[in-house]
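In the two complexes below, chain A is the common chain; its partner is chain B in one and chain C in the other.
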Partner chain A sequence: MGTTFGLGELGFLIQGLKWTVLLAAIAFVGGGIGGLGVALARTSTSRALRRITGGYIAVFQGTPLLMQLFVIYYGLGLIGLTLPAWVAVAIAFTLHASAFLGEIWRGSIEALPKGQFEAAKALGLHYVPRMRDVILPQALRIALPATIGFLVQLIKGTSLAAIVGFIELARAGQIVSNQTYEPLLVFSVVGAIYFALCWPLSLYGMRVESRIARAAAR
Partner chain B sequence: MPSTAAAASPSGDDPLIVMEDVNKWYGAYHALRDVNLSVRRGEKIVLCGPSGSGKSTLIRCVNHLETIKTGRIIVDGVRLDDSTRSVDAVRSEVGMVFQNFNLFPHMTVLQNCTLAPMRVRGVTAAAAEATAKRYLERVRIAEHAHKYPAQLSGGQQQRVAIARALCMEPKVMLFDEPTSALDPEMVKEVLDTMVGLARDGMTMVCVTHEMGFARQVADRVIFMAEGQILEEAEPESFFRAPKHPRARSFLGEILAHH
Partner chain C sequence: MGYTLDFTVVLDALPSLLWGCLGTIGLALSGMTLALAVGVGGVVARGSSRRWLRSIVIAFVELVRNTPFLVQIFFLFFALPNVGLTLNPTVTAIIALGLNGGAYAIEIIRGGVQSIDKGQIEAGLALGLHKGQVFRMIVLKPALRAIYPSLTGQFIMLTLTSSICSAISAYELTSVAQRIESETFRSFEVYFTITLMYLAISWLLMTGFSVFSRRYFDYPTR
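This part shows the complex of A and B:
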């Protein structure tokens, strides 16, 4: 073996990047839907719903993502579900993201002034329009910086999918590094790609945060 | 609407709001004690009393923002019984104005006013806007229809809140200290709006310590302390010669502060 780092190797990294982005996107969309459900359940009047989702959040916040990946990847196999690796990984990330986003959004729903809920009720608005038109637009706006922060964590967290044999960006880097014996160069490139993906998001999150702070100070 | 059959008394002098032996607890705290109150159609009531006496609690029970432990509340012939059906029926006939306005900050003035008619009454956007513009004219704030609440003064926001409630064309309006959060120079514009509403025949229950307003529009002043109604009287006799000693000391304090 022993190739040099060239276009072919870069192409291999880009293949890995595709999976990283795809996995993060699936987790974010799935987690967005799941997280909304979790946040609504956590703030509902049903004690049972609050308890169940509370337990779910506790488990996923209290264990390492790596372990969640293992358990879901091999667990699904054990119960006889033979899914493609990427589906199993996507399910694990979606469950993980649902718990974290659900908890972020629960916090922002509960942070809204009680008067907003009361005014909506007094006007006769039912639960669905009350949440959809009055509460959630405000709550998600407050939660935007934390949501973006979690998305950045999620993108970096997809590297853990390598542990179950998934070739995303970090794993692709490892393979190329083993072939070229140029770990420093290869991982610099890999790091630069992660940075190019995450930094603009972080920057945007900070912008939104200061805009919200300015609006609140008015 | 289930209310129409029960409320179809042709004489029109059946009460709009009835509270019978209402008791409410917050945990172990007895917040309303055997409250009995009847509000006639078109009647204007001013509710006063020291802070913590249960005035907010009382009016919040009327539209089921608070639930009661015992007793009965009947609004426009509908018995409030914790069922979604009765709560919906009552809320669609009862408007409420809060001390802190509680406008929706992410919506324009116009959107604040059209949301409930569209979502609750199912009217079209065009019809809701026409109604909203009419009521925004009436509270003299139509030129700000496309602004956001944060761009308005407190007095303007409170007038928008009144218009927003009126857009549902309620049969009664509840006011919970609508001028208490306002800078003094803005109190008058809100009170003037309320006086106008009273002149037009709206049934009103107002928690307020604005004694001038009470004198001008109230048919009845109700004095509460410690969750009980201690005195009910016409404003003139209440202010001239309150009977209950607690009402006397309360009025003394109010006058000392003004």
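This part shows the complex of A and C:
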């Protein structure tokens, strides 16, 4: 028999949790920047930019996250980049998040009334101030529930880094489960930790959503 | 660097990869069917007058939606034998996909049912239809049409999620690929190829969904 599930094992899971949170945070910030670029390119006047980013989104939304991880993880090695595993994984999650956030924000930019664009143009605002001061603040606000929803997806998605061997919460759970022979207990605890992380975010997302719906109904 | 791409191993393994594709499609379609059943059953239970039943459905939805699928499938894989159900990994994977997809389907279908005007239901009852008929023809079908885009989007997600079932070595494309990779060490070539296969599968499903939508939902609304 292996060891029993005790404080030491719980500590190991918490170590894993730190990596889960860090990985999700990097992907969310990186994906936020990339996603903004994708959303702007998708709504730009350049047909080439729209095509390229459209294809990028279609590929990332039409393939499993696990495959994206594998291909980017091994692909980076192939082009001669020897990166630490966590950097390779972070790059993969960032590219993934850029595609999804880009698509969410494209939708909200296009959902704004045309008058907003026309009025901003009529006031003589150029592209940058028009987007920065008029369009994006409104678009990002209506996109907030979907953005939070995607953040929850992303936190759950980081568990797939376990399959390429990166030790975050889910992988830590597998290791502890193998040591203690108590998979049910261990995966219940791991599930509870993910739940404690994601549920408050989900609730917050729902609250924002109903607030926006109420404001729209007024 | 000195690494040259070599896709011949992929060509040699093409028959098993194509079988893997069929495995993935089969897994996905069974998962969707179960998810739809869980979704409809869940919505009925969610609208029940029994408080405990409603609470169970709400707890189930929140638990599933706020934990990773990988943890769920591991949990089921180890939990089912404990309650006396020793199933093979592929069946366990179908149950996991069905429960996971079902939780999302409950929320989507509930949104659709809530969008049905109460007057429609009352009109149906007044015309002498019984409760089951009203549910099937007046609530379910128009609601399905309203939620069709988000439901099928969720089903595509379910198909992509099925790759995670390789973690318990269910029979599907990713686990076939992992076996070939461990025999040939051509990781990039194998995973790149099956990524394209997944892309083809999701495009195939999307086309199928839109053809079905045109046939089944093509009726006048007024």
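Methods note: the second predicted complex is superposed on the first by the 217 of 218 C-alpha atoms of A that agree within 3 Å, B and C clash if a C-alpha of one lies under 4 Å from a C-alpha of the other, contacts with A are read in each partner's own complex, and residues count from 1 in each chain.
Assume a residue touches a chain if its C-beta (ideal position, glycine included) is under 8 Å from a C-beta of that chain, and two chains touch if they have at least 3 such contacts.
Only a predicted model underlies this, so the values are computations on that prediction, with no experimental measurement involved.
Enquirer: Check the residue A:66 against both partner chains and state whether it touches chain B (first), chain C (second), both, or neither.
Expert: Touch partner of A:66: chain C, not chain B.
Enquirer: Between chain B (first) and chain C (second), which does A:190 come into contact with in this model arrangement: first, second, both, or neither?
Expert: second
Enquirer: Quick one: is A:141 in contact with chain B, with chain C, with both, or with neither? Answer first, second, both or neither.
Expert: Only chain B is touched by A:141; chain C is not.
Enquirer: Give one of first, second, both or neither to describe whether A:118 is in contact with chain B, with chain C, with both, or with none.
Expert: In the superposed model, A:118 contacts chain B only, not chain C.
Enquirer: Of the two partners chain B and chain C, which one touches more residues belonging to chain A?
Expert: Residues of chain A touched, chain B against chain C: more for C.
Enquirer: With both complexes superposed on chain A, which partner does A:15 reach: first (chain B), second (chain C), both or neither?
Expert: neither
Enquirer: Output check: A:133 vs chain B and chain C. Expected answer is one of first, second, both, neither. What do you get?
Expert: The first partner, chain B, only.
Enquirer: Under the contact definition given at the top, report the residues of chain A touching chain B in one complex and chain C in the other.
Expert: The answer is that chain A has no such residue.
Enquirer: Taking the touch rule as given, give the residues of chain A at its contact with chain C in the complex, in rising order.
Expert: Interface residues on the chain A side: 59, 62-68, 70-71, 74-75, 77-78, 80, 152, 156-157, 159-160, 162-163, 170, 173-174, 177, 183-184, 187-188, 190-191, 194-195, 198-199, 202.
Enquirer: Mind listing the chain A positions that touch chain B in their complex?
Expert: 113, 115-116, 118-126, 129, 133-134, 137-138, 141, 215, 218
Enquirer: Residue numbers of chain B touching chain A in their complex, please.
Expert: Spelled out, the residues of chain B in touch with chain A are 63-65, 88, 91-92, 94-96, 98, 100, 102-106, 115-116, 119-120, 150, 161, 164-165, 168.
Enquirer: Give the list of chain C residues in touch with chain A in this complex.
Expert: Listed in rising order, the residues are 1, 3, 5, 62-63, 65-72, 74-75, 77-79, 82, 156, 160-164, 166-167, 174, 187-188, 191-192, 194-195, 198-199, 202-203.
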